[in-house]
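Multiple structures follow.
You will see subunit A twice below: alongside subunit B first, and alongside subunit C after that.
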Partner chain A sequence: MDPIEFFSNHIFRMVFFGTTVIGIVSGALGAFAYLRKQSLISDVIGHAALPGALLAFLTAVVIFGVNGRNMLLLIVGAVITGTLAALFANVVAARTKIAIDTAMAISLTTFFGLGMLLLRIVANNPFPGKGGIQDYLFGNAASITRADLTTSVVVGAFALTVMLVFWKEFTLRTFDPVLSTMLGFRARVIDTLMFATIVIAIVIGVKAVGFVLMVAFVVTPPAAARQWTNTLPAMVILSAFFGGLGSGLGAYLSISMGNVPTGPVIVLVLFAIFLISLLASPKRSIVVTALRRVEARKALKREFNTEGAPR
Partner chain B sequence: MTPIACESRDLSVAYRADPVLQHVDFRVPVGSVMGIVGPNGAGKSTLIKAMLGLVTPLAGTSEIFGRPLDEVRNRVGYMPQSATVDWDFPTTVIDLAVMGTYGELGWFRRPGKAERERAMAALEQTGMQDVATRQIGELSGGQRQRAFLARALVQAPDLYFMDEPFQGIDAKSQQSMIEVLTGLSAAGKTIVIVHHHLASVLDFCDHVTLLNKTIIASGPGEEAFTSDNIRAAYEASDGAEAFLTAAE
Partner chain C sequence: MSYVTGVMLLAVVTALACALPGVFVVLRKNSMIVDGIAHAVLPGIIVGFALTGDLDSPFLILGAAFAGLLVVLGNEWLADTGLLAGDAPQGLIFPALFAGGIILVSIDMEHVHLDTNAVLIGDLNLAAFPAILWDGVNIGPEYLYVMLAVLGINAAFIALFYQKLKLTTFDRQFATVLGTRSRLLNTAFMFLVSMTVVAAFKAVGAILVISLLVVPAATAQVISKRLFVMIALTVLFAVAGAIAGFWIAYVLNTGTSAAMAVFYGVLFVGVVLIDKLITRIRRNRRHDANEGDTQTRPKLVSSSPVR
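Now for the complex of A and B:
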């Protein structure tokens, strides 16, 4: 499909801009999750957001009798259960002898199981406005409305602003938590803010991409960007760029190819960017590193052989 | 009497239910270079952390320049143990040094040109100006420690805490670091160093504390750093025996 035809279609435009905004926001915010080594906790949050979104839907429909598919409502529900799941994993790991990976796996599957159960309950009962709710799982980019796009932009801009305002505090807390505390920066305040931005980075894509695949938007762009950059500002900018590029390109490809889901195509494009970064980045390329190691070993071998040779 | 830079009284710390420090009375006179020495697990780092408010003591109090830490944070500098640093973090040497200004900047305010100039001056002081734009992981062991020393210098504190600053560094870096420390000491700054290499303690420390969960001895170098005290602190561990045999 040629670009003119693509961008003259309202739905296609919404898909393109909606996913690009999600990619930029998640890519930028994901950089701090990557550096704090919290990639897996993003996975926990993503899966645990499902029951929260569904509970928010049920609360709105059953108790208040209002439209349950409001994006802001969804985000609030997702943030609550996502946070609970992450807290649960961290508390179990800190207070028991159970390791963090086990704690996260238990938390993730339990919350996700609850989510699947709620999904079936919603599907089996005649709740008004439940159409498309199964999309929370894997998303449906074609369902992005102008209002959703606005919500994404506003929530995303809010999270990015928090990151920029607390840039210095986030950086120090991530790199050197000891000095950060010592200098009098309250760890709990910074951690709460950082955690909130990471949760927003995940839940912002629920409608378009779904909770399960959103993790790739948070994790993959920073991992790729780190290969090319040596400073934090450059890494965050490039990560946002990769996120936006992968999403825009993925959206375009998925629509051009016909009846193909957008989220999975974007994830594959992001993986391609990641793969190229692994192979081709000048300083950290796995190819260059391997070649260098072979050369160094050869040199070492020659050295040992001459040393050991009889005189 | 010499004024006291930092002091702990009857300090006890436990991780979960394991006591790490017991009834530690520790005082460092202003202007001294105090080496904290002891075997692995003796609580050397913990003592520093407790004084810096990084771990909560079970009992006892600490004061810095006769005041609670909160009132004098900006007078205290800290150099972390190399092993605890994420060397792959995307930051350059100059950016690392600029972090030394974050404390006085406080919340929200960003470092500007003046802060970068101060950071650069500290890098020159430690001989690191030529590698200012390198990512920290690209540095040698000695350069890494000097980069963190520069950051501590930028803080311009009156009291320095350093956790194993000579770990894994070359002789030249060690020499240039000792020169900087000597200069600081001559300028009246107080330095507390966790150190594990017995043979070199008295090369740069004028005071020594032998620690093994409790204070075995603490005071001016030769007074505290005696064979009997070392033996008591190390409980006849192999490394200490070898050192003592070599010294006799």
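Now for the complex of A and C:
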């Protein structure tokens, strides 16, 4: 499908821009999760957002009798349970002898199990507007409306603004937590803010990508970006760029190929970007390091040959 | 055997088969690797299903288990490159494999009767079909015997390598000095975990299997000081959760595996809270008796993740 045809279609345009916005926001904020060495918490948040979104739906339909599929409502519910799950994992790891990875696994499956219970309850009862609610799992990019896109842009821009405003605090807390506390910055406040922005980055992806695969949007772009740069601003910008590029390209590919879900294709494109970065980035990649080693060996051999081997 | 008994037995046996290796998964801090395995076996299962047409086929179980091992070895390779920070190496490969699996489910494979819901949480009730008739007597679902075999293999492996597993879990360097091939043992163990995940997939799906593997063992770890006690408690919690989950699902008319996962989570929180409460009461009593400083309890943990 040629680009002109692609962009003249309203649905395709929505899919393209919707996923690109998600990729940019999650890429930029994922950089901090990566540098905090807590990438996997995004997997927990993604899975735990499911019961929140469903509870928001049930609350809206049963108690208020309004449309439960509102994007903003869904984001609020997902942010609440996503944050709770991340907090639960951290509290368990801090207060018991359970290790952090086990605590994350417990949090992830328990919240997800709750989500699947709720999903079945929704499926078993005649709630209005429940059609296609399983899309929360793997997303359905074709269902993005103009209003959804606006919501993603506004909420994503809010998260990015928080990141920019607290740039100095986030950086200090990430690279030197002790100094940050000594200078009087409240560790808990900064952490909460930082993780709240990461949660937002994850949950705005629900409609297009679904909760289960959002981990790739947060983990992969920064891991790729890190291979190209050594400075924080460059890494955040590059990570956002990779996220946007992978999402846009993935969306384009999935639509061109026809009956293929968008989210998984984007994940594969992001993974390809990561692999290329790991293998062939100019400074520290596997191929470049190997070449450099060969060069060094050659230089050493030359030295030996001209000066004679040491005894 | 009636259908309901069959399903309940199936729940119990599946929970046990997962929980036993789970003890060492939790102690070795490999829980999130299991999360990766559980996602990554999906493409293996779908390709295997397309080839064999039978989710119980031993070829499928072993073949898909290799897909899980791919994640374990791939994670190790990524971590060994030294180019990635923190736990990122564990979060890169499995989403890609899982995404590949989802694409396989949605295209072409329409003759494969796996909907995305079943992929995630399985269906214990469907897994209990068909039942085996022996001499005209219903002796329970076919799948029950598959899971019994997996349980047997897991128990045999743990019994056979108990000392070595214990040693590599708590003091890997010492184990290596003594001549244990820690890495080989770890790979073999991870293959076993991967096989268990694949076998349990039909009943509990890709994500809730983590609950069956990790949560009973973690709950036991909270209140155990000895490995043997921890294993015994894990078995107890696993069985209790399977029965409770089954009846909750039966009453609420929801998925058994989801109910089991929620029950295990609640059980974990309950045990942690009770443990905290008892510690506090003891501390207060000791404080009242003026016995001076509080003793900290020995911890049943290894110092670092075991690979």
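The definition used in the following text is that the second predicted complex is superposed on the first by the 289 of 311 C-alpha atoms of A that agree within 3 Å, B and C clash if a C-alpha of one lies under 4 Å from a C-alpha of the other, contacts with A are read in each partner's own complex, and residues count from 1 in each chain.
Just so we're on the same page, a contact is a pair of C-beta atoms (placed from the backbone, for glycine too) under 8 Å apart; a residue touches a chain by one contact, two chains touch by 3 or more.
None of these values were measured; they are calculated from a predicted model.
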(request) Determine, for the superposed arrangement built on subunit A, whether subunit B and subunit C clash or fit. (result) fit
(message) In the overlaid three-chain picture, which partner chain does A:175 touch, first (subunit B) or second (subunit C), both, or neither?
(response) first
(message) Looking at A:42, would you say it contacts subunit B, subunit C, both, or neither? Reply first, second, both or neither.
(response) second
(message) Which chain, subunit B or subunit C, ends up touching more residues of subunit A in the combined arrangement?
(response) C
(message) Touch test for A:234: subunit B only (first), subunit C only (second), both, or neither?
(response) first
(request) Would you sort A:183 into first (subunit B), second (subunit C), both or neither based on which partner it touches? (result) first
(message) With both complexes superposed on chain A, which partner does A:226 reach: first (subunit B), second (subunit C), both or neither?
(response) both
(request) After the superposition, just quote the angle formed at subunit A by subunit B and subunit C, using C-alpha centres and rounding to the nearest 10°. (result) 90
(message) So in the superposed three-chain picture, is A:165 touching just subunit B, just subunit C, both, or none of them (first/second/both/neither)?
(response) first
(request) For the combined overlay, can you note the least CA distance between subunit B and subunit C, rounded to whole Å? (result) 6
(request) Could you tell me which stretches of subunit A are touched by subunit B in one complex and by subunit C in the other? (result) 35, 226
(request) State the interface residues of subunit A toward subunit B in the complex, per the touch definition above. (result) 35, 165-169, 171-172, 174-176, 178-179, 181-185, 226, 229-232, 234-235
(request) Note which residues of subunit C are touching subunit A in the complex, please. (result) 26, 29-32, 34-35, 78, 81, 83-88, 90-92, 95-96, 98-100, 102-103, 106-107, 116-117, 120-121, 207-208, 210-211, 214-215, 218, 221-222, 252-255, 257-262, 264-266, 268, 272, 275-276, 299-301, 305
(request) Using the touch rule from the top, collect the residues of subunit B that touch subunit A in their complex. (result) 49, 52-54, 70, 73, 76, 78, 80, 84-86, 89-92, 95, 99, 102-103, 105-111, 135
(message) Quick check: in the complex, which residue numbers of subunit A touch subunit C?
(response) 34-40, 42-43, 47, 92, 95-99, 101-106, 108-114, 116-117, 119-121, 124, 134, 137-138, 212-213, 215-216, 219-220, 222-223, 226-227, 259-261, 263-265, 267-268, 271, 274, 278, 284-286
